[in-house]
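Paired with chain B in one complex and with chain C in the other, chain A is shared by the two complexes that follow.
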Partner chain A sequence: MTDILLYDLIRGHLLKLSVYAFFIGIAYRFFRVLFLGLPPDYAPPKGKPILKAIEKVLLKPSQAWRFFLEVFAHRGIQYVGGFLFHLGFLGLTFFVPQHAFLWGDILGFEPPYLPQVVADILAYSALGSLFALTVHRIFNPVLRLLTGKDEYLANFLIGLVLFSGLLATRWAGGAYYLWMLNVHMLSACVLILYIPFSRLSHFVYYFMSVFFYGRNVGKRGVSF
Partner chain B sequence: METVWDLFRRRGYSRREFLSFVSVTASLLALPANLLMSFGRALELREKPVVIWLEFQDCAGCSESFIRSTSVMPSDVLLDFISLEYHETLMVPSGIYAEQAKEDAIKKYRGRYILIVEGALTPAEDGVYCTVGGKANHHLLREAIDGAKWIVAVGSCACWGGIPAAYPNPTGAVPISDLVEGKTVVHLPGCPPIGDVLVATLVHLIAFERLPELDSMGRPKVFYGQTIHDRCYRRSFYSAGKFASGLDDDGARKGYCLYKVGCKGPITRNACATIRWNGGLSFPIQSGHPCFGCSEPNFWDRGFIYKPLSAMPDGFGPKGMLGALAVGTLVGAGVAYMNKKQAKKGGK
Partner chain C sequence: MMKVEKTEEIGEREARLFYEFCVASINAEVAAYLESCVRCGLCAEACLFYMGENISGKIDPTLTPAYKADLLREIYKENFTLWGRIKKTLGMGVKIDEKELKEQVKLAFYTCTMCDRCTKVCPMGIDTPRLVGIVRGALTSVGMAPKDLVDATNTALEKGSPLGVDVTTFLQRIEFISEEWEVEIPVDQKAEWLYIPSSIELMKFPSSVAAAAKVFHHAGINWTVSTVAHEATNFGLFLQDREVSKELLRRVLRGAKELEVKTIIAPECGHAYQSMRFVAPNLFPSEWDLKVLNIVEFIYLMLEEGRLHIKKKVVDRITLHDSCQIGRRGGVLKEPRYILKLLAENFVDSVDMPEKNICCGGGGGVVVVRDADYHRQKAFLTKAELFDKTGVKNVACYCANCMLALNKSAQEFNRDYKFISIVELVADALEGGES
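Showing the complex of A and B:
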């Protein structure tokens, strides 16, 4: 099969299939957990659970500085690496022009997009931090015990998507561009398909878990 | 025997003009400077090529493009450049005389002629969809393949099936390489291909007596080794994230990149951005229209001409997303309900 026919197959049928599977999968995970609910807790609340939950949902994502002050000294790689990785990965996913046009197609409105140089910086920092985080996982005795095949596979897939995207836009010309694009899109399709079945779907629960965390904190009447 | 140099002389052109043709062609072929002298010498001494040009299911656009390829050769020399023994559109004889001329040429120049094929083959139902002089196209091609020294497929129809092969492909159109065994077919795709590319390829064949370096799909690397995007003058706007959103909006007027309005330049290998068209005057992107990838296989069925390359060809849309989310929600709720029921049962 020629590179261009493989490209047509990936961007035509495979991409569509994986995006459908992705939305079905994340809705399934979210609502299954939501409908399962938590076991009833009969202890009387000491604080204001709902208010605290709302406060956490509103403030937690913007409390990086607090987190920085509290744990940077102990978990520098995870903090800096995690921050840079998420910033890079999400920035690239939504705000690279080519991706923004795809999102425009899916969502019906187009996110703003970045010049190539910003995308490059995001890609290098995301790749670098992903590498650092993976090495950290391998050598940190506690993290190593907590890490399964799932994490390594996820890191590999994300690394492949980032690396092939960077190669395609930055380094590959002529005949190689299409192959790089094929690798990039194929690995992205596999990643999109894989997310709902893996721990990568943690983003689906982010606000839900912050809400429950806030509610628990409120119930116990403590600050965090 | 007439050489290319004889031809220039006979047409009244000076040596300076011949040498200018040699150097322009050498630069198109990206020949290193040390080959220039031997290249010129070969064109002085070697016989001009004998060409049999077969035309099958097509629009004759490739022939049109060829006779307008005047950036390397003056047009009156061009028409004499190849000893065109048979070309249905360009030759003077017609009817049985034309067919006779072809059969004679195949015999007379056996092992020496260049076979150029334009148009797709339609072998389905024994070729009934495309016959010339009462013979089906695949028979005509078979007759000419054996004695050909070189075979050149010109245009996307001959190379990949092209527009005649578009879904649902009622005539069963296929590329000519489906019928050629044991010989390399040089592919010069495009709809049409740039005429100068064909002329330069022929010049390469006669000057060096060997094939130019080809890529994995049989295309000369020198013309098809890079994408339109690689050499596009709008590339800086692409990198800066500046895109035209319509064919005549403010961005388009400022010359921004045409990716968002459907440019397929990033996946299209062709020489339009370097050689350009009409004697190097312009090319589609320069004229404000996105490249639609006419030199790549399957361009005719790829569709979404005016949608960005990264969007899904037949769309997805919020409806698709909401539909998928609704399905996921229903399944999630259903499974949660069953889990709860089971847990209760287990509890009892």
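Showing the complex of A and C:
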């Protein structure tokens, strides 16, 4: 009985609260930076700053792969793991069959979702990549210097969400299913709440940072 | 007379002023860069200083570009974010002491040439040179910029050039160059084009000034040099001191206006081009209506217009060293490659994409700072590795500061590369030029 009460609480009030807090927090962080303003730039541009800015927003992460051959030997885990993790995490969040009803509630219609076997592959690869990235973070001297509690907490929360989701979907039988689902949803709520307070909000700043970068590239008339 | 101060006394006042300078430098762009860092550390693998240590078998994680902006990031957080403000209120804020500030000098002045290569590898496009520039400016404002740079800057403010080239010396050097290379150099004539050499060229590479003059005569342009705007370098950029940059650029502006010039031809000098092309319009928004071309851009333009004709190949095999401030941060990348293909039997590029070229190790004023010699030498190993991959000893350059740094480092490591000015090669290759 407790598990059902808990499920109702998480699925109802807690999820709503975390989603609202997420959107308010993210909007606050975005506009707080935006409202800091920019000084005017009177230097005549050599290229097309706005077009370059748009191009970079669309392509910048893939363009970092232009350094693939030089960097791969030292950071192969980050290149491959980072790619697989983002692909898996975003794919699972938005296109896993089990989330379709959730997005249906929010959007008013059920978006298309992936076949279960693809969702499973994404889950395993995301979880494996996250583990590899975390181990790499612990042992690589550069990453160790740059890493704070924030990164480890974020990785732990994401890992918990992925692992509990996988358990609930694939491995938790009978009475354990609802408990596992509760753990999954509770950790997801905490993660959603945590995002605006952490570096996980980098996805918001990505658009700003890369836009400014692209604008500078356009001003200077270079290709990337 | 304006003067940059240097202090040995570092106390609470310096820490406070450093902090205030950083806070005042935050805008939306800077904040976006500070916020978006995901601590992936990929930038380390693009940094010539970090890579140089790696080649020597050592890993120094503090050379990671992202780390160089960490103190600035903390200062930003506690002034502009909710959680940062709470921490500050609870007494858990940033503490800056003498040791911390000295560490910042190493990070910003000794181990970063603001070459911009890290920006290219960063998936978030973080412009670390801009962040390092703020730290440099803050250190300069409290009198902690390296003494060698401060001295050179004060010489520039006082005498007109960091090498002490005043008007008398300038005229003597121009006369010497005219006579030695038998080329006419018009001085203080009303003209459409103003060529401003750097004192590094005048004093250490005078042949490149003579070559520039030959190129201008061949192109048939109406040009001059100026005794008012006789120095193209701008050490204000190295120190990130806005007032110094402005004062040095004011001389350029005054010289150009007096001679009714329309276009300035910047010499083979990275930060000279950067300061006149991208900084000056913002320091003199209503007055600076001058067009600025780097001399390599100028040559490319003249070749396109058919006003210059390369008649012969003057070198067998050659590779190219790009100046970061003219190339990656200035957009002059295709021009030197186009010209070198005309000049050389076999031009071998050292990089698959021009934006990926590696700094000389002495940019951003690093070559001037003796305390940074160790880091410059390590950085050179990265550069040398790139040269060695091409198997070519002739290296074309379009920045005298790069040539200075590369020559210095190559001598220190007994490497037999030959660094050659592109403009000199062009002058040799022009009709009637020397073979």
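Going forward, the second predicted complex is superposed on the first by the 194 of 224 C-alpha atoms of A that agree within 3 Å, B and C clash if a C-alpha of one lies under 4 Å from a C-alpha of the other, contacts with A are read in each partner's own complex, and residues count from 1 in each chain.
Simple rule for what comes next: contacts are C-beta pairs under 8 Å (C-beta built on N, C-alpha and C of every residue); 3 or more make two chains touch, one makes a residue touch a chain.
Computed from a prediction, not measured in an experiment: that's the story for all the values here.
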Does the superposition put A:36 against chain B (first), chain C (second), both, or neither?
-> both
Which partner does A:206 reach: the first (chain B), the second (chain C), both, or neither?
-> second
Look at A:18 in the shared chain and tell me whether it touches chain B only, chain C only, both, or neither; answer first, second, both or neither.
-> neither
Touching partner for A:27 - first (chain B), second (chain C), both, neither | first
Between chain B (first) and chain C (second), which does A:134 come into contact with in this model arrangement: first, second, both, or neither?
-> neither
In the overlay, answer first, second, both or neither for which of chain B and chain C A:216 touches.
-> second
Chain B/chain C common contact set on chain A | 29, 32-36
Touching residues (chain side chain A, partner chain B) in the complex | 2, 4-5, 7-8, 11-12, 15-16, 19-20, 22-36, 97-99, 101-102, 104-108, 113-117, 173-175, 177-178, 181
Complex contact set, residues of chain A against chain C = 29, 32-44, 46-47, 56, 60-61, 63-64, 66-67, 70-71, 74-75, 78, 82, 140-148, 151, 197, 199, 201-202, 205-206, 208-210, 212-214, 216, 219-224
Flag every residue of chain B that touches chain A in the complex, lowest number first.
-> 215-217, 225-227, 229-230, 238-241, 243, 259-260, 266-267, 269, 296-298, 302, 307-313, 315-318, 320-321, 324-329, 331-333, 335-337, 339-340
In the complex formed with chain A, which residues of chain C make contact?
-> 26-29, 31-33, 35-42, 44-46, 50, 59, 61-62, 64, 66-67, 80-81, 83, 119-127, 277-282, 285, 288, 327-331, 333, 353, 355-356
